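Going in written order, the chains are labelled A, B and C, and every chain counts its residues from 1.
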Amino acid sequence: MSTTSTRSTALEKRSFTAAASDYINDRTGLAVAIKGLGRKAFPDHWSFLLGEVALFSFIVILVSGTFLTFFFQASMAEVHYDGSYVPLKGVEMSVAMASTLDISFDIRGGLFVRQMHHWAALLFVAAIGLHMLRVFFTGAFRKPREINWVFGFILFILAMAEGFTGYSLPDDLLSGNGLRIIDGMVKGMPIIGTWTSFLLFGGEFPGTDIVGRLYALHILLLPALIVALIAIHVGYVFIHKHTQFAGPGREPTNSVGPPVLPIYAAKAGGFMFIIWGVISLIAALFTINPIWNYGPYDPSPVSAGTQPDWYIGFADGALRLIPPGWEFVWLDRTWSFNILVPLIVIGGFIVTVLLYPFIEAWIKGDKREHHIADRPRNAPTRTAIGAAGVTFYAGLWAAASSDILSTHFSLTIEGVTHFLQAAVIIGPFIAYFITKRVCIALQKKDREIVLHGYESGRIVKLPGGEFIEVHQPLDEYERWRLVSYENYAPLMIRPNARGKITAGQRARAGLSRWFFEDRIAPVTKGELESSHSTHH
Amino acid sequence: MAQDDHSGTEVAAADSSHAAPEFAGSTGTAVIPHDGFENPGFEPHRPRVTDEDASRQKRAQRTVYTLFYLSILGSVWAIAAYMLFPIESNDVGAVRLNNMFVGLGATLALLGIGFGAVHWGKSLMTSPESIDIRHPIGGTEATKAGAVEVFREADEESGFSRRSVIRNSLIGALLVFPLPAVVLFRGLAPQDQMPVELLSHTMWAKGTRLALDPSGVPIKASDITVGSAFHVIPEGLNDLEHGRLEEKAKAAVLLMRLEPSELNQAPDRESWSYDGIVAYSKICTHVGCPVALYEQHTHHLLCPCHQSQFDVANHCEVIFGPAKRPLPQLPIAVDDEGYLIAQSDFTEPVGPSFWERS
Amino acid sequence: MNRSKRRTGRRSPLATVALLALGLVFTGGAYAALSTGTAAQAEVDPNSQETIEQGKKLFQANCATCHGLSAQGTDNGPSLIGVGAASVDFQVGTGRMPMQMQGPQAQQKPPQFTDEQVKQLAYYVASLGPGPDIPADHLVNGGGDAANGAELFRINCAMCHNVAGAGGALTEGKFAPPLNDVSGVHIYEAMVTGPQNMPVFNDLNISPEDKRDVITYLQYVQDNRSPGGFELGSIGPVAEGLFIWIFGLGAIVAITVWITAKSN
């Protein structure tokens, strides 16, 4: 009898939380996940949070975008505007434009949500870009993460596509001229161009179909692809575990960091709200895409300062930098190299970036898994290649604002254009050279510090009258960070089983030489001991 | 086949401090020294000021919950602002206030939670670092062998490898079945239009009057003084029931008047202008933006999109920028009432180049 | 013990300040009262001989070097016969003329003359040959149809001056200036005279009522701040992109460093 009473009192004493948890767990098996993952380690470095910036701004985009879909109408039927904004009253425009104006001027908070949506989109693509740069410069694309790099890059392209389709929806003068440019580029493509232009626009430009089609892409197809790829991308991070920088206790076979619950959840969760708050602050105070100034799209007017959103800038800049006359008629057909060359160059750039992990892996031949992130200086050639790529991209991006550069810095548009034409070609080489030398110099400095310690600022006078600065030796923890990087040597060519040296092998050896000929090896124990013995 | 070379001293990968046995793979051109440093292990734990000083900890606590309360205040403020800052009709300033105050309330609500949570994590939460063990992504040898065995059994039972005809016909069917779906998307393009035809003709025809954009009022030659730039559409464009923007996208014209002495005309086009008045297509031959920045003294015509420049005094040939072809010229004349009319359509397709253009 | 204020004859330290303030107020007030400030719209009779004489003197002292003694033009400056009062009121009233230095175009700078003097110059030049006149008040004070004005502005003006009047680049270092603090009168005069490389928009292209509508639209933009908040110069996507990278991502990266820093 006492057992039953204790059991009943025990049942009464159980808290609601415990009972609820049991109920859910019995139906979902969550306890397995929580036990396994609840204290999972998350390596902690500020640069590891950049992917989260992208993810959290994407959530803002989804939520704010959902709000907008209740009010935006993706129709190109013509209507006379009858809303609150005086300078457009009575003007004929598409329903898409009119509904965007209604969101901005006649729905309380509508403009705020619209601005949040657009600012978050700009931040989304920028964060992806910065995140990609971090992954590149720390070598986090190496095995087993090559495929994740590919998926991530595809996400970058999809994000740009989302942005482009999104800002073209209001059918305003700025984005309409952007569509006009796209149509011109499509028409310039050989063989399929004219037909593709008519396919996209449902006939002649501008037609009455394009906004509706872009809407279907923008709210249905592209977000679905992005969400699916984000799930795969984050899933991979989960399976592979995040990389970590070298440090005391950090091995290639472990992953060290604060646990998911409670610290990482607090920091990452808090960071999520902070990102949302930053976007909200910017949307509350700064105008973006003032479509009421641009007015409805019409093929006749155009605004000075017609640029796409920043992430399409590199493509617009590439178009601007082509010199005059790169088009000719041959065999009764028009070959528009002023459009093809930008497309080919940009395409080549994209493919190179996409394939880079595989190229570097082939050069190195290193088939191990890599979970320790590189410091950029310890991979000088890779870092220098990255700097050259960034310079090239930045040059194209700057070219998109050539007219604004000239008005704001009192230059001629011709001068700005000519300068940038030279800069996108010469600049990457200069950036490569400077970056590589700086990386190697920094590695040498690290070596010096390991071998001789920090300059402590204390000057001591020796008995012989000589002044020396006392160097403070590193403790073993600091030293580990500076000596634990990987070092590669150029490939030595050997004939294969048939006694031949193939062209592929030569290419590989040549590239390997380019990458690793100039290298600074990390200090070894033997080296440190011998330096101590010679000095003391 | 190339041998991956470990130039320099090397050791079996098993002993390397850089890789554990289960991660062994070819190290390629990596140089692994035999006397490299060992990982010193974890650093001693360094306590935080909030761990040691109770008053600092209390202060941190206060900061955290104050931030959370501020967040609640922010949410309330945002709702209040929604009601207190209505939008008055025709008043742009009211929209500005509404946007700003609702936005700032939302900002406070979000940042309060964010900073509060992070501060809590940084200064008050006491977790030691977690250490997870990494295992090779590919799994153990036993796992891989097991997977191979699964496939082997399934293959044996189904005969997938053996029955090559079944297999190949299945692959063929799977490759081909999506094609009808792809073909359906052809419906995005119009079924009954001839693109090259449409692109090669505009609304301009013999006798069409030049009219002002956007009013549609016809223009007399005497209206145009030297140095003017008139934006022109064909008369009748505004009356179109549909296709107005499509026609305008080909028919937009810029009308300028120069001193006849400054106008350098090709001999076969001298009749295309009228007393220094010239009409050119406004659609850029690069990728189709309106070319409309006319400088009346230099006679340069600049496109704002990619900075192509056309010289109006020299048959609009390209003098800068990525365009190639000069702007097509509209032959104009004057009718018996003094109004400017087109002599015919353009004699070449207007706007950006396309493949079939010859 | 009550101590009364010491009367030792020493001045209060504030006395110097008070004296200076009095002096400034006095001289400033006298100057304002006595000078014919440019702020005041001087009533100048366009037809009086005195106006034309004064204008001629000003012209010969300040303009003839480049434009010729009879405004017939020289190698350094074009003829002004037939440009009308509107041209002069615009060029001199905005400070573009007298031109300070040769360059791609005359720069706007603080006007060198009072409003009365500008008018005198304008009517003198108008007397040399008929040309566009200074517009009547009702055409330049707004009150027109902003929607019609906006549409005309987008078609005729925005390609150089930008849809919000933020200005834009032209060829070879020239530029179309921003319009955010240009008076209605000057806007009208610029349209009708086509200063420098700006095309001429005569009254048969854009009628006086249409010009009034354009001015109404520009004044609407000047008077009404953007509902979205700070305009970032109304430059468009370039400014927005720079802002998000420098201030948006910049702030966020700073926050990431803070979040992952070891707490002290």
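Note that a residue touches a chain if its C-beta (ideal position, glycine included) is under 8 Å from a C-beta of that chain, and two chains touch if they have at least 3 such contacts.
The model shown is predicted, which means the values in this text are computed figures rather than measured ones.
Here B-C and A-C were compared by C-beta pairs in contact; the pair with more is A-C. Legend note: the chain whose CA centroid lies nearest the centroid of all displayed protein CA atoms is B. Averaging C-alpha coordinates per chain places the centre of subunit A 15 Å away from that of subunit B. The geometric centre of subunit B is 37 Å away from that of subunit C, both derived from CA atoms.
Between the Cα centres of subunit A and subunit C there is a gap of 44 Å. Contact with two or more other chains is made by residues 151, 155, 159-160, 168, 170-172, 176, 226-229, 259 of subunit C.
Chain contacts: subunit B has residues 92, 95, 99-100, 118, 122, 213-214, 231, 290, 292-293, 304, 320 touching two or more partner chains. Of all residues in subunit A, those that touch two or more other chains are 86, 104-105, 111, 115, 267, 270-271, 274-275, 278, 284-285, 298, 300-306, 403, 413-414. Residues of subunit C touching subunit A in their complex: 104, 146-147, 149-151, 154-155, 158-164, 166-173, 175-176, 217, 220-221, 226-232, 234-238, 240-245, 247-249, 251-253, 255-257, 259-261.
The part of subunit B that touches subunit C in the complex is made up of residues 46, 48-50, 92-93, 95-96, 99-100, 118, 122-123, 212-214, 219-220, 223-231, 256, 290, 292-298, 300, 302, 304, 309, 320. Those residues of subunit B that touch subunit A in the shared complex are 1-5, 7-8, 13, 18-20, 22-31, 33, 35-37, 39-43, 82, 85-87, 89-92, 95, 98-100, 102-104, 106-111, 113-122, 125, 127, 129-134, 136-137, 186, 188-190, 193, 195-196, 198-199, 213-214, 231, 233, 243, 245-246, 248-250, 252, 282-283, 286-290, 292-293, 304-308, 318-325, 351-358. Interface residues of subunit C facing subunit B in the complex, by the touch rule stated above, are 151-152, 155-156, 159-160, 168, 170-172, 174, 176, 194, 196-202, 204-205, 224-229, 258-259, 262-264. Listed in rising order, the residues of subunit A touching subunit C in the complex are 44-50, 53, 86-91, 104-105, 111, 115, 119, 122-123, 126-127, 130, 173-174, 267, 270-271, 274-275, 278, 282, 284-290, 293-295, 298, 300-311, 313, 400-401, 403-404, 406-407, 410-415.
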